[in-house]
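The two complexes that follow have chain A in common; it is paired with chain B in the first and with chain C in the second.
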Partner chain A sequence: MYQFTRFVAMRAVMAMLTLIIVSFIVFSLMEMVPGDCAERYLAFKNTQGSMISIADIEAERIRLGLDKPFMVRWLVWIWHAFQGDFGESCILRLNISQLLSDKFLISLGIALAALVLAYLIALPVGIISATSKSKVLNNTLRLVSYLGLALPNFLLALMIMLFSTVVYGNSLTGLFSPQMRDAPWSWDKAMDFLGHAWLPVFILGWSATAFAIQTVRALMSDEVGKLYVTAAKARGISGWRLLRRYPARHALGPIINSLGFDLNRIFNELPVVALILTLTEAGSLLIEALARSNDQQLAGAIIFLLTGSIVALNFATDVLLAIVDPRVRHSIMGGGK
Partner chain B sequence: MSKTSAAPDHKSKEAYFTATQGQLIWARFKRNKSAMAGLVVLATLILSGLFAPFLTPYDPTVAGRDMSYLNGAPQIPRMWDENGFSWRPFVYTTKRTRSIKTNFRWVTVVDKKARRYLTFLPKGDPYKLFGMHLRTHLFGVDKGKIHLFGTDAAGKDIFSRTFHAINTSLAVGTIGVFLAFVLALIIGGISGFYGGITDSVLQMLTDSIRTVPAIPLFMALAAFVPPEWSAEARFFFISTILGLIGWPTLARRVRTHLLTERNQDYVLAARLSGASAAHIIRRHLLPSFTSYIIVDLVISFPYMVLSETALSFIGLGLKDPVNSLGVMLQNVTKADVLLNYQWYFIPVIFFIVLVLAFVFVGDGLRDAADPYSDNKS
Partner chain C sequence: MTRLLTVENLTVQFDTTEGRITAVDDVSFSLDRGRVLGVVGESGSGKSVTAKALMKLNPGNAVYGGQSKITLHLDGGEVDVMALRKARDLRIVRGGAISMIFQEPMASFAPALTVGSQMVEQLLIHSDMSKKRAREISIEMLDRVGIPDPVRRFGQYAFELSGGMRQRAMIAMALSTHPKLLIADEPTTALDVTIQAQVIDLMKELVAEFHMGIIFITHDLGVIAQTADDIAVMYLGKIVETGPVRQVIRAPAHPYTRGLLAALPRLDDLDAPLTPIPGDIPSPLERPEGCVFHTRCGEIIGDVCRGQVPCFHAVGEGRAAACHLYDHNGEGSA
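Take a look at the complex of A and B:
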């Protein structure tokens, strides 16, 4: 148990380190933008009719703590970020955490649902294709996985939009019906949300599914030919029971390990898909912040949160793997033996 | 076995054993049908991208716009209709009119009597190809203009734009892949060759960058481009960003390979002979996995192209008058376009084919470069 705790602690430290490096990158990006928060805020006030002097800008700078050196500001930022406080958005003058809370959870929910969907499809399909000798099935699946790369999610979203507009006259976009958009969360709103969310979930899951099928297939074909499977067959086990009890369990390890990168891939496309499908969540907020309002504080917070969820998932899968996979467990517990 | 069949067999064996690495890879690659098909398609598309100004009838920027045919539907050349047969393919003349009959809205009317005949090698918009100033295009029509894929809202020819966009995407991809490749070689090379603490620190850094979703990071970097920059400056900046973020995956592979290779005897021999680290990396280690690097480059190419498309699509990447698929798709989510002008989507087909061709060739190369692939399956 001691070794296990130490392993978990080590992984947690590694995850924290990664997050700190990422936060440094994100923070530097935010800082590199010409002009700082004080200037932008007062430039805005200027357009509202108040008279602004250089002294006012300096005062605002001191109020926001922008006169302190870069490293100090980074440390302050990251200290607050780990407590879930990202400060105020420069442009919107709103607390970022409040602005994001709901929207980020929706994004995370959609992305995780897409991930689950991808593996719900990929596991059985990948296993079947690895064990079947059917040429037609295998070639079809190969084409699907190639298309997963060549037709990225946002192009697929465009195509589905085009198709649904031409055929149904309805573009199937948005996350809520118009009358539900500003209502507080309730049973009806949740149902309405699910009625709209299936399409983004499917679209975001598309590439992930294609990749996952390929991974599962490759892992399974490696395992199926091994001697322990033949031995199990000789003992009279066959069909799904055989696959589930022997090769599938071996193949599971690398799959669990790659979940973090699958989530990365989904997040990658989330903003563009969100823009196309006019989803009102963190992804489209990110585009809004970067492409239109140039709101680096908000953008930095979103990128940090996205990366944070990937790091968290990586940590969780590492621990899960140590619990599920006896080989990994043994290598941790066994120490240097 | 008779002697007559043994002789050529012996000869082919000899050819096999004396073949260079490149010949072996090519021989294995040729056997893979889908990879060969991919290669043919890819070569065609690259050539048509390079010769786009000649192959397409009009200038892809506003200079080549057709004022009388805005948002025009694709015109398909035909050789006969109810007015009779013609040896030369032709399209119809269209006119924009409005009157009380059309409720004073502009409508496009097709005049089937007035035929526009296709011409071969006509003089048209001037362009520059490989430093030469030319005016000759592959085809055109005798009167007015022809738009095989229709036109966009400004009257620009979508056919011309598509082929120029292929050219742009290939250029962006090449610059991006090249930069990523150089960075990956340097960082992965140092990391893998020295190992130890240098390796750990560099790996930590590489892994952290890999955890950040790439496209949001691209977006954050692309947001730096000042709006007053010229289209060309933007183009180079965007390509550079793609390269600056694309290196981690490749760097990791270089490192893993170097870590296994550096303990081989030939490296020890070189080191004992007094060769410097840079010399060993360049002359001994790099050639040992050139083929893997080439394969990785081909495979990472489509990612660059697609990232650029995504960036331009949301308005953070390239801008008019540079043509790329992303630029061309910028306005397609409007209901108006979705309902009435579906030909805006024609370029997407070309890009899917382009990426698929890259993937097929990359996969084929990977199998061909693997010296053990013959023994498998």
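Take a look at the complex of A and C:
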């Protein structure tokens, strides 16, 4: 138990380190954008008709702490970031934490829901297809998963929107009904959210499921052919019990391992889908900040949160893997119990 | 002696993308209780497929010949193995009356389950004893096969055990359900020589104690000579020679058996050249006509070998060889 705690603590420290390194990279990238927040904001003011002098810019710089050395600013930024405070957006002059409020959680929720959906389908389907001898079943599954892999998410989203607009006259976009958008969270709003969120979850889950089925299928086919499965069969173990305790149980480790990658991929696909479905979630905000408004503070915050989630998930899967697989446990504990 | 197993005309073929491959061709043999039958042959001779057929463990693309008949003679009556279909019925030959030990003890334990949980699981499947009792029996068995500190080993994983200990644990698991027949598929091949001897001694002891029949599959004639009462030599899916192990090894009748023995390195004459059997085992896709061994045989006598499948001929007390050299000896028992 002591060694396990030590292992978890070590992994947590490593996750922290990763996050700090990532934050450094993110912060450096933010710095590389020509101009700084002060210039950008005042330039923006300028377009609104205000007269801006160099002195104004300097004053703004000092107010934002931009006159301090790079390392100091990074340390201040990371210190605040770990407390959930990302400062103000360059352009919008709003507190980023308030601006993002639950948008980031919504993105994370949608991505996780897509991941859960993918594996809820992929686990049974992958297991069945790896162990079934039916050609019809296998070819159908192969076709469906190729469709899932080949059909781009945005195309699927467009098709579904087109279909629903033509057939139901309902555009299916957004995450909330217009009257709910700015209402405080309530039961009705949550229901309204679920009523809208299924579509992005489904669309993101679509290709994730195809990937996951391929993963589960390949891992299961691998395990099914191993000697310990034949040996278990030779002991009279059969049917569902055999599948569950032997190949499925042993394919679980690599599947857990792949969860981090899967979440990463879903996150990457989210902004495109969000753009089409006009969802106000963090991914689309990120694109907005990066591509349109050039809002480095906001973009940095979102990227930091994204990587933070992925690092956290990887940490969780590492620990889970050690719980599930005694071989991993054995190797981390150096042979002791 | 009481008969335990009769195999008649066993033919096993596999459907592959390259066509139907014959792995075992019209093989017949029998085994009495308390006896050890050694099955020798090179890889690809069909010995493992034959053994797996007894438990119907061959993969889904296996096709059994219509004449194939495997009968298990148990106290409660005869079991027609080929007729077993349902998983519940198959348990008689899978871990019930028959247990199997595999070549690689490491790979035959599930890596993420403890040795104990796999032993208990098997006992619970084959009887209605309590979990607690199954645990006691498992620990007793581990103790019986000479594993020190069995209570601790019970809770460990296969990778935490040494090679010899794993094979002992495998034997303990195989015998815990008191099978009547033990199939050992190259059980000592993956072990060090000294451990090999220990495991063989252990198995001999246990056969006597449990009064089982054993089918011992190996390519190692030395191991067979030490372990078996009778021997069956297989080549390309055919049994080519059978008989009591000492007589066969002292005076092999079939040219293939002679070749196998001549190919053994000799410790008493280190300068003696090795004399391997010439040629390679033919691909199973191109099984030779007539006698399957004629393409490599040094004693080929003519067209009869190339065209006619040899019958078994008696070549001594309880011995038989399928070779045209003995065509004038009269028919022996198959």
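By our rule, the second predicted complex is superposed on the first by the 329 of 337 C-alpha atoms of A that agree within 3 Å, B and C clash if a C-alpha of one lies under 4 Å from a C-alpha of the other, contacts with A are read in each partner's own complex, and residues count from 1 in each chain.
Assume a residue touches a chain if its C-beta (ideal position, glycine included) is under 8 Å from a C-beta of that chain, and two chains touch if they have at least 3 such contacts.
Just so you know, these numbers come straight off a predicted model, no measurement behind them.
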Since both structures carry chain A, what do chain B and chain C do when superposed there: clash or fit? fit
Is A:I276 contacted by the first partner chain B, the second partner chain C, both or neither? first
In the three-chain superposition, say which chain, chain B or chain C, touches more residues of chain A. B
Have a look at where A:I303 lands relative to chain B and chain C in the superposition and call it first, second, both or neither. first
Name the contact category of A:K226: first (chain B only), second (chain C only), both, or neither. second
Look at A:A234 in the shared chain and tell me whether it touches chain B only, chain C only, both, or neither; answer first, second, both or neither. second
Included angle at chain A between vectors to chain C and chain B, based on C-alpha centres and rounded to the nearest 10 degrees: 80
Answer with first, second, both or neither: which of chain B and chain C does A:L149 touch in the superposed model? first
First (chain B), second (chain C), both or neither: which does A:R249 touch? second
Let me test your reading of the model: by the given contact rule, A:H330 touches which partner, first (chain B), second (chain C), both or neither? second
Across the superposed arrangement, the tightest C-alpha approach of chain B to chain C, in Å, is 7
With touch defined as at the start, can you tell me which chain A residues reach chain B in the complex? 17-18, 21-22, 25-26, 29, 32-34, 146-147, 149-152, 154-155, 158-159, 161-162, 165-166, 169, 171, 260, 264, 267-272, 275-276, 286-287, 290-291, 294, 296, 299-300, 302-303, 306-307, 310-311, 314
Given the complex with chain A, which residues does chain C contribute to the contact? 55, 57, 60, 87, 90-91, 94-96, 99-100, 102, 104, 107-114, 118, 121-122, 125-126, 157, 159-160, 173
Residue ranges of chain B touching chain A (in the complex, touch as defined): 204-205, 207-217, 219-224, 226, 302, 306, 309-310, 313-316, 329, 332-333, 335, 338-339, 342, 345, 348, 351-352, 355-356, 359-360
Enumerate the contact residues on chain A facing chain C in the complex. 133, 226-228, 230-239, 245-246, 249-250, 253, 324-327, 330
